[in-house]
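See below for the structure under consideration.
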Amino acid sequence: MERVIEAAERIRRLEVQGATGVALTALRAIVEQLEMSMARDRASALQELDEASRILFSARETEPFMRNAVRFLKLKAEEAEWERVEELKALVRGASQELLETFREARRRIAEVGSRRILNGDIILTHCHSSTVMVILKNAKERGTDFKVVLTETRPLYQGRRTARELSEAGIGATMIVDSAVRSFMRGISKVLVGADAITSEGNVINKVGTSLIALAAQEARVPFYVASELLKFDPQTIHGDYEAIEERSPQEVWADPPEGLMIRNPAFDVTRRDYIHGLICEEGVISPHIILEAVLRRYPWILKGAQV
Amino acid sequence: MERVIEAAERIRRLEVQGATGVALTALRAIVEQLEMSMARDRASALQELDEASRILFSARETEPFMRNAVRFLKLKAEEAEWERVEELKALVRGASQELLETFREARRRIAEVGSRRILNGDIILTHCHSSTVMVILKNAKERGTDFKVVLTETRPLYQGRRTARELSEAGIGATMIVDSAVRSFMRGISKVLVGADAITSEGNVINKVGTSLIALAAQEARVPFYVASELLKFDPQTIHGDYEAIEERSPQEVWADPPEGLMIRNPAFDVTRRDYIHGLICEEGVISPHIILEAVLRRYPWILKGAQV
Amino acid sequence: MERVIEAAERIRRLEVQGATGVALTALRAIVEQLEMSMARDRASALQELDEASRILFSARETEPFMRNAVRFLKLKAEEAEWERVEELKALVRGASQELLETFREARRRIAEVGSRRILNGDIILTHCHSSTVMVILKNAKERGTDFKVVLTETRPLYQGRRTARELSEAGIGATMIVDSAVRSFMRGISKVLVGADAITSEGNVINKVGTSLIALAAQEARVPFYVASELLKFDPQTIHGDYEAIEERSPQEVWADPPEGLMIRNPAFDVTRRDYIHGLICEEGVISPHIILEAVLRRYPWILKGAQV
Amino acid sequence: MERVIEAAERIRRLEVQGATGVALTALRAIVEQLEMSMARDRASALQELDEASRILFSARETEPFMRNAVRFLKLKAEEAEWERVEELKALVRGASQELLETFREARRRIAEVGSRRILNGDIILTHCHSSTVMVILKNAKERGTDFKVVLTETRPLYQGRRTARELSEAGIGATMIVDSAVRSFMRGISKVLVGADAITSEGNVINKVGTSLIALAAQEARVPFYVASELLKFDPQTIHGDYEAIEERSPQEVWADPPEGLMIRNPAFDVTRRDYIHGLICEEGVISPHIILEAVLRRYPWILKGAQV
Amino acid sequence: MERVIEAAERIRRLEVQGATGVALTALRAIVEQLEMSMARDRASALQELDEASRILFSARETEPFMRNAVRFLKLKAEEAEWERVEELKALVRGASQELLETFREARRRIAEVGSRRILNGDIILTHCHSSTVMVILKNAKERGTDFKVVLTETRPLYQGRRTARELSEAGIGATMIVDSAVRSFMRGISKVLVGADAITSEGNVINKVGTSLIALAAQEARVPFYVASELLKFDPQTIHGDYEAIEERSPQEVWADPPEGLMIRNPAFDVTRRDYIHGLICEEGVISPHIILEAVLRRYPWILKGAQV
Amino acid sequence: MERVIEAAERIRRLEVQGATGVALTALRAIVEQLEMSMARDRASALQELDEASRILFSARETEPFMRNAVRFLKLKAEEAEWERVEELKALVRGASQELLETFREARRRIAEVGSRRILNGDIILTHCHSSTVMVILKNAKERGTDFKVVLTETRPLYQGRRTARELSEAGIGATMIVDSAVRSFMRGISKVLVGADAITSEGNVINKVGTSLIALAAQEARVPFYVASELLKFDPQTIHGDYEAIEERSPQEVWADPPEGLMIRNPAFDVTRRDYIHGLICEEGVISPHIILEAVLRRYPWILKGAQV
């Protein structure tokens, strides 16, 4: 389990960031681990796969994208008929390849669909750093659309700075503000565009803490609020009644040297109500977040299988 | 004008903070400056006073408390009948003393009124650092009320840390969160309590950027939102149609080393709608923010006089 | 203190009902008690008055109308110059008479103003039993206005039945519904009209539990919500920061024979937000609830004096 | 038609209560009636079935669960090929059995899904008596979750008392309030959880009168409002444009002895807007009420067939 | 009564338009009529004045500005001590002059205050034609502010065209839209600015039909909505409980040639909720509409006197 | 391309009105054009079809109904196997016939479903002229339902007059108001019922300008707002990210003779938020607008094919 443990470790320590990055790392680790497998028979090979999943799942709480990807490999392995472990290896390599292709295609489609929603003269507000949002913005730039971006710094880890640097490199005009200045600028914003870490069965969106506050301020000012997300960020656990777990990170990120007795709470994410979301930009196109379950079942009919209940 | 210039400089460089601190510094500077005055006659003495006002007014944009205080001295000087400059000095010293007494009494009253609104078991959310809020919280603690505080770090200058240290010293249990986590914690909050930098004639409140976002989130969750403020933070310019100026501070406070081409906007304050404010805690007691004009005219009938139109 | 104690007892046991009834009973008890007073000097007479107040104040928690009335007598007694107790007796009799006249006039004015807001064809929703609302409805009927009433039964004490009987006697067509059917009928309602037990300095209204829910449902359906109340129901304690106390009554009223371990909570009143109140119908006329403090200070300038702080 | 008439009678007189109870009674009556059938041929047997349906449908207006169940038997009978009435009897017995199994499984699933939404420390508000809600609460208790319940008495028939007794027996801590105190307690509530009598094609929920008022108050305070319901409570008539009929019950339930001329209106149910519903807990899991039509078509593809248009 | 009757006629036929125009016409008519008076004694002179008022009041329903002006003259006449009718003539001329001066000063002040609220780059939405709004816009233009106007055509009488012509003459850039396109343009609007025909004691504003719809759309998009109005448009009847009468005009204005049986309703005004109004721009400055009663009593203490009850 | 060009011209000049009229005209033109076709082989025939589509598509911007219809013919032609152009002609005639049948059936179903939502005593508000709404109203009338209609005149082209005439002919009682009087009458309205020109993938509705304002006012007053529309008005372009184009028409329609320098903007449509729509009445029945995508995919699985991306 060396490769898998190492990957899980890198995910846990945030060396790998972003839902997509984490999913890709996990996939690769499983494929590589399996290549090195000494398993002799079906039972022990599947057991290995199981263990690998468990290790990866324990790395971070809020990672449905990675979990769906890993579960897909397991389902393929469990459902197919094979006898030799070599067959399994090929099969898992194939499934991993298929998934990567699906990812790429979904992202390409999201970039295209999302960039059409950006018009000349638009001022787009974004929060944190989302690779999905970045491909949309770059795609719009490449199409020749003339727009600007307002972005938050995103405390405590300042992921907004990464967004700022990428926009600067892409030649997209941008203005940074502190997180709490969002309402001051909202009336001048054309659209809000953020990514997602998870989507629940009711259509709510889990994303970087502060997102729900931006959505609320957008709603107050009639500014359309878009979420760009691969459908595989849908969390099948939520349909079974589980709440999306909200990872709580180290107080040190907020204040390294607090006074005695001060508690620091540092949730990484918050939940944005589906009613505040104008549209979900996904590989289906632009849809209402209310129908996420329908869209995900149409595209990925296997999604509810094997979710832990 | 040495003393006055120096005071203005310290105010500009933020060495003096908080509306009250700034007002006191300005009062003291005028009194001291006047003591050293060489003016021989009424005209030149009043002219000196005028110049001193102008210098102090230019130190920061959003300081109605200081402006009202300075204007009060000027009105006293202009309206009284005196001949010798010595008489003026005594008069201004007296007016300054009267104002200080008014401040102290207002604050004492606010502490008493405000602390009655805090009940056993309450969890109070506050933002930034407000000395008015601090006296309320400490007063409630001294009364033996058992409550807790949730506070924001308040980017970009982290004034929340000062609040945290003072609460820690006062033995009041507190939890710090990043500014954008406000909505995540709102449902557990009993009341929000913030200070004010200025209040407009329509009843809107200018306070540290982020306040209006908190007020919006409080409104969404039916959490009472209180503003604690001396009535002298009322800005008489606003009744004449002027907007409250929102100071915009240095980008360096937000990011010292931004990438090429990135703009940074750093407004210090924002405007909270009167409709989101449950009550204004002032020297009148707890009132609706809509009637700020009536309350201030009842207490300080001179307030509209001499405002620049 | 016999008379006063007896009156307090009857108030406590709810033999006297309604803010007005309670205030009148308290006034009468004080006057009668004083008539029997053996006090020889100013000090002991005032002390007796003080004790009488304390006894009456302790009878029920939410009775600002009675408290304001009693306080008025005390203020008159304390502020006037008199030497002989006989003088005091005359003075208090006179003050009581003055107050009764004020009550009558206020009610007459409210009846007139309120009944003008009722138009032919209106369907008026009311809750609980309010003598102030009843005089308005009867006045409108006497003017020949053709309207109907929808009323709630008002659990747990079914005060709606008293309202129903009085409407029946007055020949006003009425329909009773259970409390929780209010939203089902709201779209057909022309105006809501309720009384008040207390009004806070911020303009919120304390009335029979359920009132705030009706106000919310009226707001949702754009139905104007009126409160009819004498200005003397303003509670001066609230401006000093106190919350209006919400009396909690016996669980027996709700269920005489509950299963083991079941808690029953039975608050008598709730708080209606000023923002849900279209107009306050009082002796000033129809006003915004936000300016209650201004109106009450204009009519009863003594109102803040002597409130316990 | 003896058995069927008797069952209909018991349903009409409310001896059988709750959507589930009514559906089971109707199913049993049909099966028993059929066992006794003297019908000789297909046509007359189907005609008998038809008549039985009509009789049962007329028992109460708002019973889509029962209607769907009965319609399922009829569809099975009509669509299958059979010749002898004995075959039909077996077929209907089987269909009834299948449906009972579906009910049980749906309920088991709802209990499991719903109980996961209840967390330690939660305070759950419920209204009326819902067997679906009860299985969720009991399941959560059995899982060891530490939570409390606030419940309304639910006038006019006090079904809340039944809920209170069951909670008491199950050892779940509970507090009862009158219906109109709901807003007073709302800010302390973690989640609202109610049952349903019917769900419309647009996603609105018909439940005991008062439910929509609770939903409105929950929305005002950002308290999640859940409806627990089997998908078979979907009313297929509504997609055809019919409004869900709202049964109006006897005035005697409200007041046995009203004054002359007083009308009493006593609707048994009201309609809760889909926008006030955070999630529908059904056999699919937790879903948005907006997609009820999709969920019900996926599970019960026969649901729209045979609805009277 | 010739002059007065003729004036009333011109007002009725809309030859005189706008609240200000109507008030001026009425004042002039009274003064002129009085000049021609043959009255010999106080009683008959006052009776003439009374009759003149009645005639003018009957000309149009919604004209508090005119009514307040006329009532002011009558109050002056009734309260002063005079014997000869010549004295009365002088007195009324003087009062009329005083009122005209008050009007001019109020308008000058409104123009100044209002124009400060218009900033460079603003896009101001207005509705109908308001001379008060026009002086603000022209004043802002004269100050050198660079702004644009969006205006509605204002069916049925197209008063927007008059506004358009005046803006064109003043060199202010303007765009006209149909009334129902208001929401399509709202997100690009900086502020809404409209006039008023009447203001009620609760703070609601009566203005050209469509105003309340614009206010609603402004509220939805967080666009500040300002009303510019002289305080004398306050209607003292409303505090006494009367509703502001909404004049209903001829169907011919809407459609000269309707099909048989079609009803046409043509109300001239509607009522805008005080909660949708950001600020009232009046001679006091910018105030909350909630305090209209306080402001009007402070400026015009006679305003409630002599209103018909 | 004569026939097609002529049809496109008539559509462009608005000689053909209404989404349905336009679609039928386009279908007929294609069929007729094809009948006259000289094409010899598959490639050139398909190319002709392509060109015909392009011409028709360019006639007006907001016509998804027509585009879907034309695309259906093209898909049929492209997907079928045929060799001779005669076969194609038959095939396209057949497809056109099939589509006409689908239209008729959809409309019949909408009339039936929609008319069930109209109850005795209802007052229905409608806007502009919609043939879909008209069939519902007439159907309700034929069923004997007793209801009335309030309708707007619908500037700038007064389509409300056409609605008025048709209602008059149908013997349905109606009242016309100007567009901006909608809020004045809203509280008396039972339901709003409008048509649609297009529906987006998120569930928003494009209809005659002013519709969204009516929806907003209906929402404010809790009046159910229904849209009646064939599902084929769904615009597949929107799922790909395109905004629905909003046609902007000639300024002349608004004002033939504007003053120099006045701009006139004349958008023909606006966008109504799905959250303001109570129900979509379509051939599925009454559904939530959020699930439009699901409904349209279920009925017209080909709908997303061939949309230009």
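Letters A, B, C, D, E and F name the chains as they come in the text, with residue numbers starting at 1 for each one.
Everything below uses one rule, namely that contacts are C-beta pairs under 8 Å (C-beta built on N, C-alpha and C of every residue); 3 or more make two chains touch, one makes a residue touch a chain.
These numbers come from a predicted model, not from an experiment.
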Query: After a C-alpha superposition of subunit B on subunit C, what does the rotation angle come to, in degrees rounded to the nearest 5?
result: 120
- request: State the pair with the higher C-beta contact count; candidates are D-F and E-F.
  value: E-F
Query: In terms of contact pairs by residue number, which of A-E, B-C or A-F shares over half with B-D?
result: A-E
Statement: Chain centres from averaged Cα atoms put subunit B and subunit E apart, in whole Å, by 38
- prompt: Taking each chain's centre as its mean C-alpha position, how far apart are subunit A and subunit B in Å?
  reply: 43
- line: Listed in rising order, subunit E residues that touch 2 or more other chains are 220, 275, 288, 290-291, 294
- prompt: Line, ring, star, complete or other: which describes how these chains touch one another?
  reply: other
Task: Check the chains against each other and report every pair that touches.
output: A-B, A-D, A-E, A-F, B-C, B-D, B-E, C-D, C-E, C-F, D-F, E-F
Field: Residue numbers on subunit E that touch subunit B, as the complex places them
entry: 112-117, 119, 275, 278-279, 281, 284-288, 290-291, 294-295
Field: Interface residues, subunit A side, partner subunit B - complex
entry: 152-156, 161, 164-165, 167-169, 173-185, 209-210, 212-213, 216-217, 220, 246, 254-255, 258-267, 270
Subunit E - residues contacting subunit A, complex: 186-187, 220-223
Message: Using the touch definition from the top, list the residues of subunit A that touch subunit D in their complex.
response: 200-203, 238-243, 274-275, 288, 290-291, 293-294, 309
